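Note that chain A is present in both complexes that follow, paired respectively with chain B and with chain C.
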Partner chain A sequence: MSITSYNGSALIAMVGKDCFAIASDRRLGVNFQTIACDFQRIFKIHDTLYIGLSGLATDVQTMHQRLQFRHKLYQLREERNMRPETFASLVSAILYEKRFGPYFCEPIIAGLNEDGTPFICTTDLIGAKQLSKDFVVSGTASESLYGACESMYKPDLGPDELFEVISQALLSSVDRDCISGWGGIVHVV
Partner chain B sequence: MVGLDFTALESPTLHSGFNDLCIADHGTSPSFSVPPVADFDGFQKAAVQMVKPAKGTTTLAFVFKHGVIVAADSRASMGNYISSQSVKKILEINPYLLGTMAGGAADCQFWQRNLGTRCRLHELANKRRISVTGASKLLANTLYSYRGMGLSMGTMIAGWDETGPGLYYVDSEGGRVKGTRFSVGSGSTYAYGVLDTGFNWDMSVDEAVELARRAIYHATFRDGASGGVVSVYHVGPGGWKKMSGDDVGELHYSYYPVQEAPAEAEMGEA
Partner chain C sequence: MGDSQYSFSLTTFSPSGKLVQIEYALMAVGAGQTSLGIKASNGVVIATEKKLPSILVDEASINKIQSLTPNIGVVYSGMGPDSRVLVRKSRKQAQTYQRLYQEPIPLSQLVRETAAVMQEFTQSGGVRPFGVSLLVAGFDDNGPQLYQVDPSGSYFSWKASAIGKNVSNAKTFLEKRYTDDMELEDAIHTAILTLKEGFEGQISGKNIEIGIIDDKRIFKVLTPAEVDDYLAEVE
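Then we have the complex of A and B:
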């Protein structure tokens, strides 16, 4: 099996009206065996900025620790929180540093700009940023997720409706993937 | 086709003309045409790799005081993709014989249907039902003659005949083993754990069905390649009967109801 499908993961982020939602599955596995059903893939950087990391679990945890470190340092120096676009560039730079021995994870960044407009983007494992206006997906179930999001997504959804849509998209996609699932967690901001 | 000599097993018939018409396709093992390629071995190797025998499933069967219990999940996976959650993995060969499916779905379906045909012919020719021993031997001999050609099957033949309950494990390597407890597939180790712990020869039918259901459920929990619906069959003196078919997700919540979880410690708050 490929290294990115060793642990199994599924992540979505969606844009709503002045809000965003980010959701992931909770399974941690080793090939087909399930090890845990409460694995954390979405991490809060600050109140209006979240990052979700899919792929190899050890790289998920390491990337989170490195990014948290860099953000805290930024907070100390600049005395304010990072903007989502800046954070996305930071993620991209950190991933490209390891261009010839990459972290096997594909992050999704979701946040609110200072004026309240939602921001989402994803990068590949070596840092190529991809901004999106509606939704981004990542993980072993990504093809299923694209299909589900494409059909279920509508622009300008309120927080409650956005929660419903993102949950249904996640659940129906992980039902078609052996190595992700076993629960889900959704953050709506 | 490399083959054993099956002419001894052929039932003698009065009407050879009839034989040619109908039984020609069924009485003998079907012969398949061979691809006319330059590198036959290389082609076969590539073909076997394509089919990729994965045996992603969980099936189990055991004998106890009141007969045989056969249980299986219903998920079909192609690598990581779940191609179906509603595959019938317990195949009804005839009203008193059951076969399970593990490995290549097409292989299992075809050869077990073929087995059903030959069992019926045996009945017609000998005026009595075939024994579980005989049925499993027919299948095993057929599979042995295709050994090395990439068939993938790990099947259990369960039934009730004059000698009582019978259970055999037959696989595509040509193996055939008689036993009282088997589990086959990628989730088999998890099922064995539950099955071996809870087994009691004197169980009632309901207890045995529940044990089988739990064993498959636990296997579907741990094994990513198993899931869907747990089907449990019971084979008694009068033949088989389907006892239950429960969705694994619903079983999870009935066995382990949701409790209020304490707030999970998140990595974000350092």
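Then we have the complex of A and C:
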């Protein structure tokens, strides 16, 4: 079994009107056995910046710890929160440091810029950034997530409608993937 | 640099609690040519005397004011070669930040890191403190800023400051002339007048250097011709 599908995951982030939503499944599995239904994949970096990490669960947790460490130091030194683009560049740099022995996770970064405009992006496991204006997906269910988002997404949705759209896209996609699912969580900012 | 075989510092406390090497370094700074900086509401100006040891020296090849990034410039008083080492290190630190975060380094962060380097050299084995004080000027998201960094590694943000020879006269002059709502053009004139105060000989575009940064956030050193134009305005 591939190392990135050892634990199973599904993540989406979507852009709305002056808001964003980020959602993930809750399953933690070991190959085909489910061992937890409350696994946290989305982490808050600060009030308007969230990161979701798909892939190998141990790397999800380690990456989160490393990024939280870096952000806290940044906050103390610069006396301000990191902007989403800056954070995305930092994630990319940290992943590329391990170019020849990478973290097996593919992050999704979602945040609000200082002027309130939403920002989302994803990177591959070695740090190639991919900005997007509408939605980004990650995880073992990514193929069906792309399909669901493409058909359900509309631009400039308000927070409530965005919640509905992202939840439906997540739930319908994870149903087609046996190693992700078992619940979902959505953060709308 | 710091890879010496000495494992003990050469800078040690005196009985009165002073680090004498740093005091001496400050004296080296105080013997250097005057430099000053003024922060205006819409920019910063830094200036220095450029007295050459002989008329045979090609003054166009001497650049006392240098840029650390496109929006940060620096001038020194004291030992020129020491300042070149610091400029080199600071530029590298600025670029490392840029590479990591893909955005320009805030001035206060660069000053902090440069000051940390200067402090290292007061505590590491087998090295001496830098014999320069720096005036760092820049314009970033927090507006125009002017910092002074001393050989000890302490740094201060100033509205206007002078370093080197004749510092007390220059600072008194600046205290009288400085206003909070000064614009960049006024600041440049004030800087020239302050330099003129303690200048021996005829001041011209060839024996002073002026660097400015305005709200377009590009640091530039004025050409001798531009300096002469400002000198004419001041007359």
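Rule of thumb we're sticking to: the second predicted complex is superposed on the first by the 189 of 189 C-alpha atoms of A that agree within 3 Å, B and C clash if a C-alpha of one lies under 4 Å from a C-alpha of the other, contacts with A are read in each partner's own complex, and residues count from 1 in each chain.
Here is the rule we use: contacts are C-beta pairs under 8 Å (C-beta built on N, C-alpha and C of every residue); 3 or more make two chains touch, one makes a residue touch a chain.
What you see is a predicted model, and the numbers here were worked out from it, not measured in a lab.
Under the clash rule set out above, the superposition-derived model of chain A with chain B and chain C shows the two partners fitting side by side. In the superposition on chain A, contact is made by A:5 with chain B only, not with chain C.
Looking at the shared chain after the overlay, A:78 reaches chain C, while chain B stays out of its contact range. In the superposed pair of complexes, A:150 makes contact with neither chain B nor chain C.
Judged by the touch definition given at the top, the superposed model places A:178 against chain B, while chain C stays out of reach. Of the two partner chains, neither chain B nor chain C is touched by A:160. Contact with neither chain B nor chain C is seen for A:47 once the two complexes are overlaid on the shared chain. In the superposition on chain A, A:86 contacts chain C only, with no contact to chain B. The angle formed at chain A by the C-alpha centres of chain B and chain C is 160 degrees to the nearest 10. Counting the residues of chain A touched by each of chain B and chain C gives the higher count for B.
Here chain B and chain C sit at a least CA-CA distance of 22 Å once the structures share a frame through chain A.
Taken in their complex, chain B has these residues touching chain A: 56, 75, 77, 80-82, 85, 186, 221-225, 227, 264, 266-268, 270. On the chain A side of its complex with chain B, the touching residues are 1, 5, 8, 29, 31-34, 38, 40, 43-45, 61, 64, 68, 140, 175-179.
Touching chain C in their complex are the following residues of chain A: 77-78, 83, 85-86, 89-90, 93. Put simply, chain C touches chain A in their complex at residues 99-103, 106, 108-109, 112.
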